[in-house]
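Consider the two complexes below, in which chain A is the common component and chain B and chain C are the respective partners.
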Partner chain A sequence: MKRVYVEEDWCLACHLCEYWCAFSNSGKDNMVAALKNKTIKPMIQVEEGDKINFAVSCRHCEDPICVKSCISGALSIEDGVIKIDKSKCVDCYTCIMACPYGVLMPNEDEGIMQKCELCTPRGTAPYCAAHCPNQAIIYEER
Partner chain B sequence: MNKYLIIGASIAAASAIEAIRKNDKEGSITVIGKEPYAPYCRPLISYALLGKTTFEKMPYRDASFYKKMKAKLILGKEATSIDKAKKQVILDDGTRLPYDKLLVSTGSRPFVPPMEGLDKVEKKFSFMTIDDAKSLEKELDPEAKVLVVGAGLIGLKCCEGILAKVKSIDVVDLAPRILPSILDDKAAARVQDYLEGKGIRFFLKDSVASFTKKTATLKSGTKLTFDLLVLAVGVRPNTALVADIGGTVNRGIVTDDCCKTSIEDIYAAGDCTTSHDITSDSDKILALFPNANMQGEVAGNQMSGGTLRYDHAIAANAIGFFGLHIITAGSYIGDQLDLSTKDGYKVLFTKDDHLVGMILIGDTVLRAGIYTNLIRKQIPLSSLDFEQIAQQPRLMAFAKKDRVSMLGEKR
Partner chain C sequence: MSINFLQPEYEVVRNMDRCITCRVCERQCANEVHHYNADLDRMVSDDSKCVDCQRCVTLCPTNALKIVKTNNCFKENANWHTSDITDIYRQATTGGVLLGSMGTPKEYPVYWDKLLINASQVTNPSIDPLREPMETRTFLGKKDATIHYDKDGNIITKTTPQLELSTPIMFSAMSYGSISYNAHKSLAMAATKLGIYYNTGEGGLHEDFYVYGPNTIVQVASGRFGVHSDYLEAGAAIEIKMGQGAKPGIGGHLPGAKITEAVSKTRMIPQGTDAISPAPHHDIYSIEDLRQLVYMLKESTNYKKPVIVKIAAVHNVGAIASGIARCGADIIAIDGFRGGTGAAPARIRDNVGIPIELALASVDRRLREEGIRNQVSLVVGGSIRSSADVIKAIALGADACYIATSALIALGCHLCRTCHLGKCNWGIATQVPELVKRLNPAIGSEHLVNLVTAWTHEIKEMMGGMGINSIEALRGNRLMLRGVGLTEKELEILGVKHAGE
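Now for the complex of A and B:
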């Protein structure tokens, strides 16, 4: 299955992926309308260091411990994509306790967890990879 | 064709079914459950009272799952004994069901110590099942005063679920602190303070000496009046089926890392068992949802000829009250590193180059799984920048080669 991979040597820490991710998950057609005057809640986060930067998002693990831990059955595997059923999530943070990559991000405004679903809700290929200016995020089969 | 039989229809059972079917498409799978429901998310009963979910949304898997897995659910029936010689399980209606491989995932039951006058209390509840929650829900009333005996996870989650729908809640516990199984004194004091701010009153280091219909007199002499009584003192694992036929039980059913009991072809998983906790190198009951799920998976896999092992068990729990989140894991042993700030409590425990435990409350819980993974995988702290990761859980603290493998290789 195609997944998102990170080439840390190429990441510029420009944070564009975070904006594109927030846009992708806003459900809106227009980036300005989706993001203007909003604190974005992306599902990809750039870690910045002295010499190195990289973007971290869900690995879509083959043996996902988040799915096994979720106390509401909200997390599941659908054709290899780790999905969240927001109507079931109770915001208990058990998945945050479990995920080794620290990629589940609570959305305090909505009171539910959010996670990368590889842009499948929008029906596009991952925006973070498509719009990375330096090919530091790659969407491919490995 | 193999006959798989499972006693107890809950989380461990659901994940065992899935694991069996991965290996064996043909064998028959039958599950016996005492409750009249297909496996449901037990921790959600407090969230249903809170209004954060509904009883309808609580099934762990929808009906199509059991169909697809060709698993037969026999619900509302109790298994009363196992005939290990004939390899049969006997139900309360006398039915005998044969098995080749048997999984016991009977969970636990509320433990109620003898308390004087308890029989005089009319409106008393346990808080373990959907039916418990439904019968408590019927009695909720803005004028009702509630007494909860037990300041553990279950008692306090119940408080969160009902606080807005009742007049007041008093909580009594013998322990000197709340959530004694997951918090130390300092952390418990913080959470207690927060809960008191929401209006809950605590009576700690105290217990009920006697009840009348609507009053409790505590050992200390304090008299409390109540309309509804919730008993959440503790739980006991359901081990009798295995103990009765000579299986090894040490508080919980004893299993090896293949989830096998001491009896041939009988496996056990979930809250009815003890797990080997790698952080303290000791056998404990780890009555937690993720553990039941992972144990069930290993049991199902082993029953159907697989080679998975249940060998990385740790205690790890997330619990929240009114928006205050708490994440804890491992054992509170070794050296303590207190990194608390005004917004968040954070204590890490290290021993022999390993992270072995943590208590996080408030803002410090974000990305906590990075720590949980260090504990579960016993990753040597010398292989990463511990000073950095202790401040903030980040993948940046890992050595480049480890990070490249984490983010650049197939998971």
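Now for the complex of A and C:
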């Protein structure tokens, strides 16, 4: 299955992936309309270091601990993609503690968890990868 | 502090309806033009720092930015142009030589644009390159004047070493130091994939790039940076750089700030010291001296590698080329005055040298008149902008073209002409690690491969139109060119008829 991979050698910490992620998940067809004057809540986040940067988002593990740990059955695997059923999430943070990559995060506005569900139709690159200017985020089969 | 007479040349125009304050412009500008102002809750810019490199414009996800030339103007004057006045302000402030980068931006005639290419109609058929074979492969090096046979009638082949090119285009010299590790890697990867050559320039060869040796031309210049036996052995050919089109008659100066640990190791000079290439080679003051270096390099590589001598296009270039052909060089590279540079005194870049078109035509004619054209191949460079320029150069007598500015543009260069400041926002002309990183060689080499592949397709199309099916048949075929708007003298030098003739 194609997954999002991160090439930290090429990450420039431009944070464009975060904005494209927020836009992609906004349901709007125009980035300005979606993001102007809003604080974005991207599901991919750039970790910045002294010399190295990289974007972190859900690895869609084959054997995901988050799904096993979910007390309400909100997390599930569909065609290899780990999805969240927002109507079932009880905001208990168990998945946050379980995930070794730290890619689940609370969305305070909605009072539930949020995570990357590979925004675009299957097989096409999610916006973060499609719009990375330096191929630091790659969507491919490995 | 006195008054600063210099006003910003460009203005950053931000469409506030579109700006989403993502701050990508701020993060990506090494010149620190853009800033987020928390009090205003909006992005603000300092126009005086902008070099118009277009990095922010290109990365802005909502197309909220554009850079425009300021319309603030000095009183109009047909004699004292704004640039003349601001240059004086600059020098009055600094007392220094004005530096510039890339090719001259001045309005000199571009002869390529005054030459038109022929096509077949009725009396001779054109060729469809999609259906019929079309040969763009060419060989550079000394060619035998006569064919020798053994007693059984077989051809005795005893050619000197040749460079085989899949298409008559090579990446010309740009040193590691003037351009980044990733830019060099992109060129090396692309040359290897394309079956052509790139050129190390005078800065030596980084140890990581020895694997690309079969597609590398190693350069020996007046500074002799990074020259050692393994280096000479590593390349497919050796180039002696006598001159550079952008700065004929002077040497080079790579500031100490660019001599990082890796550059220092490759150049074999101490870290942080200025790398100064002398104007002349201090062991070459005559054609005889050049001959000694040519043969010294051949001797040290067992006569297995062709030697190129690169000169800038200057007055009397025909006579100079004749001397070079007679001193044992296999290939002569001529660099026209519009050629690029990482840094040069602007006055020299803008006023010294001659156009490559005229230099090429006169060198080719001179060598043919002297009956020694077969002894050398001619490679020309200095602002070859398209496949049409390549075709015209070959028809004027070139064996192949060197491209560098075009290659850099393919890598993202926007010709902002501030390479000498060392803060290239595109990761090309810089040694700052965070900036170098911006050029991913996987992307860069793909762009270069695409560019040369596209040009090769176009060369085939244009050759097909002329009814010519190989580069060899186009070479020096000036009947395939006609001049427009040129004087008798210009046509005579180019050896080309006027359109309509």
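Assume the second predicted complex is superposed on the first by the 137 of 142 C-alpha atoms of A that agree within 3 Å, B and C clash if a C-alpha of one lies under 4 Å from a C-alpha of the other, contacts with A are read in each partner's own complex, and residues count from 1 in each chain.
Keep in mind that, in the parts below, a residue touches a chain if its C-beta (ideal position, glycine included) is under 8 Å from a C-beta of that chain, and two chains touch if they have at least 3 such contacts.
Owing to the predicted nature of the structure, the values given are computational and were not obtained by experimental measurement.
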Could you tell me whether chain B and chain C fit or clash when both sit on chain A in the superposition? fit
Considering only the touch criterion stated at the top, classify A:77 as touching first (chain B), second (chain C), both, or neither. neither
Would you sort A:13 into first (chain B), second (chain C), both or neither based on which partner it touches? second
Is A:125 in contact with chain B, with chain C, with both, or with neither (first, second, both, neither)? neither
Touching A:94, do we find chain B (first), chain C (second), both, or neither? first
Which chain, chain B or chain C, is in touch with more residues of chain A? B
Tell me the contact category for A:133 with respect to chain B and chain C: first, second, both or neither. second
Between chain B (first) and chain C (second), which, if any, makes contact with A:35: first, second, both or neither? second
Mind computing the angle chain B to chain A to chain C from the CA centres, in steps of 10 degrees? 150
Distance of closest approach, chain C and chain B, by C-alpha atoms in Å: 16
Chain A contact set shared between chain B and chain C covers none
The answer for chain B against chain A in the complex is residues 15, 41, 43-44, 47, 52-53, 57, 59-61, 289-290, 293-294, 297, 316-320, 325, 327, 329, 365-370, 372-373, 377, 393-396, 400, 403-404, 406-411
Spell out the residues on chain C that touch chain A in their complex, using ranges where they run on. 17-20, 22-24, 27-28, 59, 61-62, 433-434, 437-438, 440, 442-443
The residues of chain A that touch chain B in their complex are 3, 5-8, 47, 49, 52, 54, 56, 59-62, 65, 68-69, 71-73, 87-88, 90-102, 104, 106, 142
Within their complex, chain A touches chain C through residues 9-10, 12-16, 19-20, 23, 31-32, 35-36, 51, 131, 133-136
